[in-house]
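Just below sit the structures, each encoded as structure tokens.
There are two complexes below, and they share subunit A, which is joined by subunit B in the first and by subunit C in the second.
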Partner chain A sequence: MATYSDPPAGTFQLSQLINDTRYRSYTFQIIALIALFGAVAYLLSNLAANLQAAGLSFSYGFLGEPAGYDINQSLIDYNSQSTHLRAAMVGVLNTLLVALLGCIMATVIGVVVGVLRLSPNWLIRKLMAVYVEIFRNVPVLIWILIIMAIFVAVLPQPRDFRGEDAEASMLWGMFAFTGRGFYFPMPVFGPGSGVVIAVFVASVAGIFAWRRHARKALFDEGRLLPVFWPSLALFIVPAVLAFFVMGRPVTMEYPELRGFNFQGGIFARNSLISLWFALSIYTAAFIAENVRAGILAISKGQTEAAASLGLRPRRIMNLVILPQALRVIIPPLISQYLNLTKNSSLAIAVGYMDLTGTLGGITLNQTGRAIECVLLLMLFYLTISLAISAVMNAYNNAVKLKER
Partner chain B sequence: MKKSVFLGALTVAGLTAGAAAAATLDDVKARGKLNCGVNTGLVGFAAPDANGNWDGFDVSVCRAIAAAVLGDPSAVEFVSTTGKTRFTALASGEIDVLSRNTTWTFTRDVDLKFEFTGVNYYDGQGFMVPKALGVSSAKELDGATVCIQTGTTTELNLADFFRSNNISYEPVPIETNAEAQPLYLEGACDVYTTDASGLAATRAAFENPGEHIILPEIISKEPLGPLVRHGDSEWVDVVRWTLNALIAAEELGVTSANVDELAQGTNNPEVNRLLGTEGTLGEMLGLDADWAARAIKAVGNYGEVFEKNIGENTPIGLARGLNAQWTDGGLLYSPPFR
Partner chain C sequence: MSDTHAQSVAYVRDTMLPEQAPPVSEAGVIKWLRENLFPGPVNAILTLLAIYFIYKIVAGSLPWFLNGVWTASSLAECREILQGTTGGCFSVLTERWNQLLFGFKYPSDQYWRPLLAFVLLIVAAAPVLFAHLPRRLLVFSAIYPFVAFWLIWGGTILAPVIALAGIIAGLLVFRRTEASGFATASLAGLVSAVVIWWLGGFLSAAASDVLALRPVPSRDMGGFMLNMILGTVCVSLSLPIGILLALGRQSHMPIIKWICVLFIEFIRGVPLITLLFVANVVLSYFFPPETNLDLIIRVIIMITAFASAYIAEVIRGGLAALPRGQYEAADSLGLDYAQSMRLVILPQALKISIPGIVNVAVGLFKDTTLVSVISMFDLVGMIRGPILASTEWNGVYWELWGFAVLSFFVVCYGISQYSQWLERQLQRDHR
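What follows is the complex of A and B.
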């Protein structure tokens, strides 16, 4: 056993860096790191030298100058006199909007399809397989373009709503579905509507409180309390009561045809809807496969054990299979969310003004600051992707197998 | 992974920023080919024909330069550029000259460090609407949905026009002309706006061109011309005077048909100087004496180029208008060859 004693201190030799397994990996890592820094430094100095030779300066000063162009969909105040930075922010928010909507819808469709792919019903199972194979095997750009083209060609245009014997009419006088986008009624909050909103928020909080209570009652006392109907009642009844008690402070603004377009109401542009829909169904096909894989990863014994305890199939799925399957599903799901977010940069194909369209498109073009804009774009996508990863990893840690 | 992406981007950035040195003329001569940036495809201005040969109004400028410098109008490497990539391509040295209906503006000239060598087409931004809309002036377009090509000066002009007239609009940004057409025809936008020449070219391709009108307002000045990098004056001179030679040739009555005959010598001293039988203009440029004669022989004078590619007898059907010689009331005015 004496052979395992530590080598005497102070006899360190340079050759140990290579020959000694304790140091070898560090040696190579440090060499690689130095090489990497050297390469980066070389590229940076090369860039600086070439820019100088071309008489160009590297500067982000353009971000403070007026952009000069208009953006159709902006979630914050914006006009053509706003700065390029503001235009970039509008693009960022539009990217986040379509990414968020897309992730939600892709998850919903993906989970449903993934579960249905394992359905005992032959027809449903095969239909879902066809859906998955079609959508994940055609590039997403093609889907975006096809959906936009169908959207524009099939739906009536505002001009078709005009005249005595119009070809198209609004649904219940409230919704207009046109090739330019969908128009919805918009709630207008009059005086006193704050109370209604407060009541509504309070009842949503109440729903969560009730669910927690029901869960606690189930775990502690073994009583099974109803959840669905009380939740629904809490969701609707207090808010409706408050609405009438306060004298109907919330009114609806309906879209109506004025001039060239519908005016008023909420306008969801065709570009947003096509992009959202295309990204969702495309990514949902991948998510469905993840979900299916996750469910299949749970041993059949779990289902049989749950069944032998007398649980019904839906409860087996919700209480036994899915919670365990989530551990397998979530890591690849993160990649799908990241993919969806990055794929949203194809937005310009349908004229949706996301970050690539504003900062990486018009701003880049009008100012000619290609390197600055592209670096900023990369920084943004990197940041947003890391943020999504961080959030999803936190969620993953929350649901992962807890060893007790 | 993150680092490698960053590295890759920097490599690209470093490469694109490189090689923007002087002495383009020597480079072109040594290479034996002219790298010319053109549109990705705009019928009449720059588009490959059925055999893959580039043809068009802007392409002719490239061919004229190649003929003048290298003696061979086919010694051109055409690099198709989009509205987005064109300036990077020129600044990086990937192309020697950009001839791609590019508007001469202050910032492009001064801030982006380019040198516009002249104007080969005076254009302006216009609006096209379906006749059925019953609109007769752009000022009636309050609330209209406007299809517009992104990455061009047109979206800035559009914003300015609607702002100064205090009317609202809904811009629908589109990447290429081809994508804008179905949107406009299906009625997803009420109006299509781009340079008036582009509108004419687009309308010519419609099934029923008569159902669409181009509104009388021209809301901007769009002088289009070839441009090169800042800081290489010899090369600027070559490109500028090749273009001027084409314009002057029309004014002086020199055509591709009679250039050989006139190059034998005439009794018009300016024609002689242009075609190199008198004086040493070619030598001053660093070229030989019959540089201009070769350029004219290769593509014809300005009027011939115009008529062949975008004139009234082509599907584009543009009238000369502002692009007539100054002697005919237009703006084309070549400085004297002396």
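What follows is the complex of A and C.
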């Protein structure tokens, strides 16, 4: 464009604004800007008029008022006298909880399925393909509702655990799986348990230090130190020793059937469990495809080259294949995490109180502050997804092929 | 050869041995079984586990299918017929078939209209999907949206005809004035289309009963039909918008670029359900007080915005994947921006992005079930609401959810298989 000869100066005509490539882009941008401002101003003026007509105003004052509704699953203290802001915080934590649990389980299932899809076993391969295709091609909302229905219909009710010849019994006397939800034992930390935890954390740090030392010894001096057994010993022995030395300060509180329901222990509602399962197996189907694609993307020559260097199969996997495959797998994996987090907003369909259920559901309906609530809701999800994209970009830059 | 060694070696074979059959374990079924099902101890265990798993599923579901009851009128009657044996109560599907497909408000004597629209959809989609069908059929594909609108929503045929006439007039004017530049010609085309629509508005208001079908309001749509309507309408609307957004994001003009980037990143960062909340409770605040947009129109607006952001990202990938030489070649031919995009860049970029676009389309079709959360009665909404809550069918989970799974699976799997087929068809050996 820069090679055009300049037209004679001083003969500016209006038509140049659209026909001259030097000015045209400015013309278009200014038109776009004016159109945008016009549209926004029009919408905002409508908004103002409508709000005024409805006698509303735009304010976040309602967040400080008492919410007046109960939330049946909450990670922090909450009662119906708490504020709407507190309810929203409960929702945020619940969203993050189910997203975190879901990401972990989806990764585990997805990696296993993805690897099994490449197995030499024909039957397993086909079975996994069927799993992936079925779960990928049906909406996640339907899976959430189906799994909820299965939980309620198939699992026993707490009353089935009662009596001498009860229809249902607890697993090892610790876990109770009921249609209302799952009950787990809860650790109770007595006095002195801080020491146990501190010892445990220190021994985990010790494991990392030992691995580092072994690696350094291998690279610098060529000495091969054992890693697995010392790590395992470090993981278990000091913590167990401390546990007994301190006089068993950590005890378990088991769920117990009292009256018509279980008391004690950790209670996870069926809505949380079914949402967690459904999101995990749905997302795992996508992750399995990513894992499969990642492993297939590494050419066979890499395996053969590593084998010809004399590496054993496990080391080939750890040192040659995985580092390259992870570069391909991790970016789509992270975007699947993002999808899972966004899909967790479907919690509202099964009554799990995540942010969409509290802020976007009951708070919105009670206060009628639709615009404020939806705006906050979007802001929260936007923050999460921007944070995840930032992590992804950082990772991409870190593993980028360093070429000369 | 044998001659040369005849003296030095005791015995030289001079005829071929007859070919022998391979060992039993290395041939036929046994070889296949050994290699594919029992290659090692771990795999043998896995195989046995898988066989047990499949057996459990088949043994559990087969009697349920075979004993299924298809003619009862309520769950209680179903249980009476079954007499305690295992069996599905599929009569919920036969009895509520129309509700599952069309929702519970669509006038029952008009069911032929959406059905006909669906059949015509297949006819209209065929020439778009399969390139070897005669190109003249595309004319029908072009007028199909107007026919479908008339069939499903009813009203006078003049409204869609005038809409079509406006578009045709706009295109003709554009063709005539194209020589004077793309921007001018588009403007002229737009103006002439608007004039025709404006004039036609009087005509259709005056003669509102010409070839009129009984009008059906949007809120009466439901069932799987609603999913199909939302899916097809939103995907087809979001394609052109997505292309424009992608081009905008690639543009050298910073203001336009940033408008597009903000829009795309915002939409992609929030879940669809919050956008549906916007459609449900917020969007009407932004329109003049006297307008009363239907919920379905508001939902279509938001889903289209959602889909176009995702499609824009897919197409941006296609644009970025094109070698720079293509852009430069188009420039060196003296084509202006509109021409080079239309004739050189977009045909190639769109071809690259087909798999991604299909993925977005499948995802979007699945996401149309989310409208059940804002109390619209699509297939999922019908099952959760009117059917499962009715006294006759309270508790028939498996049959209904099985039907929902099957419906979505058939459509989505079909689309993804088509896209893989198309990818193979379009494969050219690129450098």
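To be clear about the criterion, the second predicted complex is superposed on the first by the 352 of 404 C-alpha atoms of A that agree within 3 Å, B and C clash if a C-alpha of one lies under 4 Å from a C-alpha of the other, contacts with A are read in each partner's own complex, and residues count from 1 in each chain.
Basically, a residue touches a chain if its C-beta (ideal position, glycine included) is under 8 Å from a C-beta of that chain, and two chains touch if they have at least 3 such contacts.
From a predicted model like this one, the values you see are computed outputs, not experimental measurements.
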Partner chain in contact with A:Thr251 - subunit B first, subunit C second, else both or neither: neither
First (subunit B), second (subunit C), both or neither touched by A:Asn72: first
Which of subunit B and subunit C A:Ala53 touches, first, second, both or neither: both
Which superposed partner A:Leu382 touches (first subunit B, second subunit C, both, neither): both
First (subunit B), second (subunit C), both or neither touched by A:Asn318: neither
Touching partner for A:Ser299 - first (subunit B), second (subunit C), both, neither: neither
Partner chain in contact with A:Asn397 - subunit B first, subunit C second, else both or neither: neither
Which of subunit B and subunit C A:Asn261 touches, first, second, both or neither: first
Subunit B and subunit C footprints on subunit A, overlapping residues: 36, 43, 46-47, 50-51, 53, 149, 153, 348-349, 364, 370-371, 374, 378, 382
Parts of subunit A lying in touch with subunit C, wherever the complex brings them together: 18-19, 25, 28-29, 32-33, 36, 43, 46-47, 49-51, 53, 119-124, 127, 133-134, 136-142, 145-146, 149, 153, 342-343, 345-346, 348-349, 356, 360, 364, 370-371, 374, 377-378, 381-382, 385-386
Subunit B to subunit A touching residues, read off their complex: 2-3, 5-7, 9-11, 13-14, 16-21, 83-84, 87-88, 91, 107-108, 111-113, 132-133, 141-145, 150-152, 155-156, 158-160, 162-163, 169-175, 179, 182-183, 186-190, 229-231
Of all residues in subunit A, those that touch subunit B in their complex: 36, 39-40, 43-44, 46-47, 50-51, 53-56, 68-72, 79-81, 149, 152-153, 157-159, 179-180, 258-261, 263, 270-271, 348-349, 351, 353, 357, 361-362, 364-368, 370-371, 374-375, 378, 382
Residues of subunit C that touch subunit A when the two form their complex: 35-37, 39, 43, 46-47, 50-51, 53-54, 181, 183, 252-256, 259, 266, 268-274, 277-278, 281-282, 284-289, 362, 366-367, 369-370, 372-373, 380, 384, 397, 401, 404-405, 408-409, 412-413, 416
